[in-house]
Amino acid sequence: MAANTDIFLFSEKPVLQAELISAAHTLTAQTGGQVIALVLGPRPDAELAFKQGAQQVFWLGELPPDRLVDDVVPTIAAAVQTHQPFGVLIGATVRGRAVAGRLSARLGVAALTDVLEFQWEKENLLARHMVFGGGAVRVDRPLTQPVIATIGSGIFDASTSLTETSDTIQSIDWVEPAWQAKLIERRARGGGSVNLAIAKRVVCLGRGVAQQEDLAMIEELAQILSAEVACTRPLAEGLGWLPRERYIGISGAMIKPDLYLGIGVSGQAQHTIGMSESRVVVAINKDRNAPLVAQSDYAIEGDLYQVVPALIRTLKARKGK
Amino acid sequence: MKIVVCAKLAPDASDIEVRSDGTISLERAEWRIGSFDLQAIEAAVRLRELNGGSVTALSVGPLRINNSKLRKDLLSRGPDELVLVADDKLLNADTSVTARVLAAAVQKIGGIDLVLTGEGSSDLYFQQAGLQLGELLEQPVFNAVSRIEAAGGSLNVERSLENETEVLDVPLPAVLAVTTDIHTPRLPNMKEILLASRKPVLEWTLEDLALADGEKQRVETVSLRAPHPVERKRILIEGSAEEAAEALTAYLSKEGVL
Amino acid sequence: MDFKWTEEQELLIQSLEELLQREAPESLMAELDAKHEFPFKSWQALADNGILALGIPEEYGGVPADITTLTLVCETLGKYALPLGIIYSLGIITIRDIIQFGSEEIKAEVLGGFVRGDLPVALGITEPQAGSDAAAMKATAQIDGDDVILNGQKMYCTLSKIAKYILFMTRDSQGANPYASISMWLLPTDTPGLRFNLLNKVGWWTVPTYEVFIENARVPRKNLVGQYNSGWPQLMANFEIERLALCAASVGAAEAALDDSLSYANRRVQFGNPIGSYQAVQHILTDMAIKNENMRNYIYKIAWMMDQGMSVRHEHAMCKLYVARAACEVTDSAMQIMGGLGYMMDHRVQRLWRDIRLMRIGGGTDEIMYNIAGPQLLKQARKG
């Protein structure tokens, strides 16, 4: 049976869902099909998908509090097998990756991960993503259908111009998974929810910042700039100074802010790949030969413990005017 | 507990060379155990230390992975034995092929309670192999696992999500992809390095796994190039901290980012 | 002739390099040097990862390792964390003397502790009036029942106060031949009667050196290591490997100095070009590289000979002589290449320069190395 031209999308995060809907529209512009959101959650979430621009909504129902998002895999698989969409876009969260991987194995198709851009080669869809720790860009052609792709936060912009064209929610029968893991507990993680992907300005600290106490100074600078605080991977994972969702890099957040200010950040490829599309890049580093300096628009070679306070003073004075 | 830990032997991404036409060469890259896989190996070895049983390292790939030094490197990190499936039909195998070969190998080893994989391979980092493997084995499978504890006939598992940690009771047999949070891998000492060459290595072909024709790829790579560098202004601001701060503020104001 | 390392050696060094980058990064070494602080945590990390177990007999928790492997370890330590290379090398003579000549009780106590992370046993040999002329020592040992009473003053006794033991050399003044009158004792540093005076050196700041005053220090007689009056040949048995280890650490440091110089020459722009593009600089760098290559070949040839059980009586002295001077020249050239920056305390080249300078003096001076080699060369020529 030839696949039809619709695009399915799924993300347990409404913000990411909006971006996937936008991405799906760029694809259906070529395929001529419909953008169909698969929604797991209470009914208002399903209604939201329409407002975000989905043309159809398949409502998977609300997940009971003791169940896992991953349990949705057999249900989505059944929906795919019934409907035969052209592609399935899944938000690249931890759960999203799990759903995509399991779905692809179940359906016997390829999964393309962390897609940065889709390209068309006649009727073939191509996907571009990073490999080799940010050192290379690879374009892949899936040889199977549907095309399952995961897309990270901030890669596609949620569209504000899509109008609601329908509001008829379709219910999908739940397929009970063959195995279950028991949910014992959900524990909130410190750090709250920050979405670096939508931050307009980001102040990022790297190894050049000597100790955790110095975070206060960086936070003060970020506050004056109305910026989010981010860091390189070692500060989040190794040192645990900041929660994981604040680190920028190939295995962390990929951001496109108007301003990126790297403080004591050397600029390893695995990090810069996460911010290289920032509009304006500033580097403050004691070594002018640090890789980030060559990849910046403005750089100050100096002791951050002098420069950052000076910058805070200058910006405060400017605000005062 | 009988544990299999999957490790990918792949070219070191930091050794990539960019040719003048922008394409990528890995010819001179040294092949290594993936850094994320080292964490999975450490997790497996610690589970064995606490709960008894055995750890079998499993690696699939092209003929190149069947290399004396790589074998010793893997075995010096704690596994009791190594299963290698080395065949050039697996050169540039896509994730689905890798997962299918891993599944066949795990089933051939038999009697496995737990399969561990790393977060992703160190070269491609698609973060998929473990998930696809679990689904093919029709076993419970979870990614982002940051803690594993044996609890009777099942596992108490912590999974690190973006905003929360899920604590799960996972029935065995299962497949888990661990995060970098899980353990700092121990460094092999000379004793382990010397012992490594005495541990058993099983070399299986695709025929042994009844996959003689290889497995069909589901992805074709169209191009592999160095990323386009974004043109930057590269203005180096000199002067004292105060002067530099003033100059930067002026620039940023003009850029409209303040 | 195969110049390749075994796979086991390659894996060991790979692991050690990663360990040093984690536990003894340059920033830490620089900080400890500036503060004159011993790298306790890094040393313990070496123990925890089995490095100190190398070459120690298995019954005491050790792992077999040939001299070539030990040399490789010293070179690697010297390259990434010279202080650790120095400390490790200093320990080799005393630890091996204990292995070869110590009683079971002494071995179990000292070697087991070393593998677990105790500091090396310090060597108490030099005295104010006895340096190169070591046999002119005056320290005494007087038997008193089941004990022995030790008296004397030792100079340039590195580690001593912070180590658990000193291998204390005494001389029987009655003996006609001084080299047959020296005895070796295991002296715990917490024995009453010991006083330590810290000495202020130009380099080796993280490795403290003391003047030690021993006044009626009483230890059990069974703390005799080996035979009475056999102390000198016992020490001599391990001078060679000690010197080789110090050489290897020096070679590592010279490699670090060359790496810094090459990196700098590529980046430093003067008169519109990187200074590495100028021939004058290239000549210096090439000479440095040749010396490093020579030093490396020399130490591994000596290590190989020792592993084969061959005599290296004068060969090792020639090697030490060459390496000490060449390493000094390389670190000095590195400072020249790096110019003003090389003279700044901020950069490690000055530390390498200061630390390496001692190699021409400690472990046997250049002049003594000539004294060993010269006569042997002529003797060999006469035989032929």
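Residue numbering begins at 1 within each chain, and the chains themselves are lettered A, B and C in the order written.
Just so we're on the same page, contacts are C-beta pairs under 8 Å (C-beta built on N, C-alpha and C of every residue); 3 or more make two chains touch, one makes a residue touch a chain.
Not measured: the values here are computed from a predicted model.
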Core chain by centroid distance, with centroids computed from Cα atoms only: B
By number of C-beta contact pairs, the top two chains: A-B
Computed distance of Cα centres, chain C from chain B, in Å: 41
Chain A and chain C, separation of their C-alpha mean positions in angstrom: 54
Gap in Å, rounded to a whole number, between the CA centres of chain B and chain A: 21
Multi-partner residues of chain B (each touching 2 or more other chains): none
Partner chain B, residues of chain A touching it in the complex: 68, 70, 73, 93-95, 97-98, 100-102, 104-106, 108-114, 121, 126, 130-144, 178-189, 191-193, 201, 225, 237, 244-245, 250-251, 258-259, 273, 276-277, 279-282, 288, 293-303, 306-307, 309-311, 313-315, 318
Of chain C, residues touching chain B in the complex: 7-8, 10-12, 14-16, 18-19, 49-51, 53-54, 63-65, 69
Chain B residues within the chain A interface of the complex: 13-14, 16, 24, 94-96, 99, 119-120, 122-128, 130-136, 138-144, 156-157, 159-171, 180-181, 217-230, 232-238, 241-242, 244-246, 248-249, 251-253, 255-258
Of chain B, residues touching chain C in the complex: 68-69, 72-73, 76, 187-194, 196-197
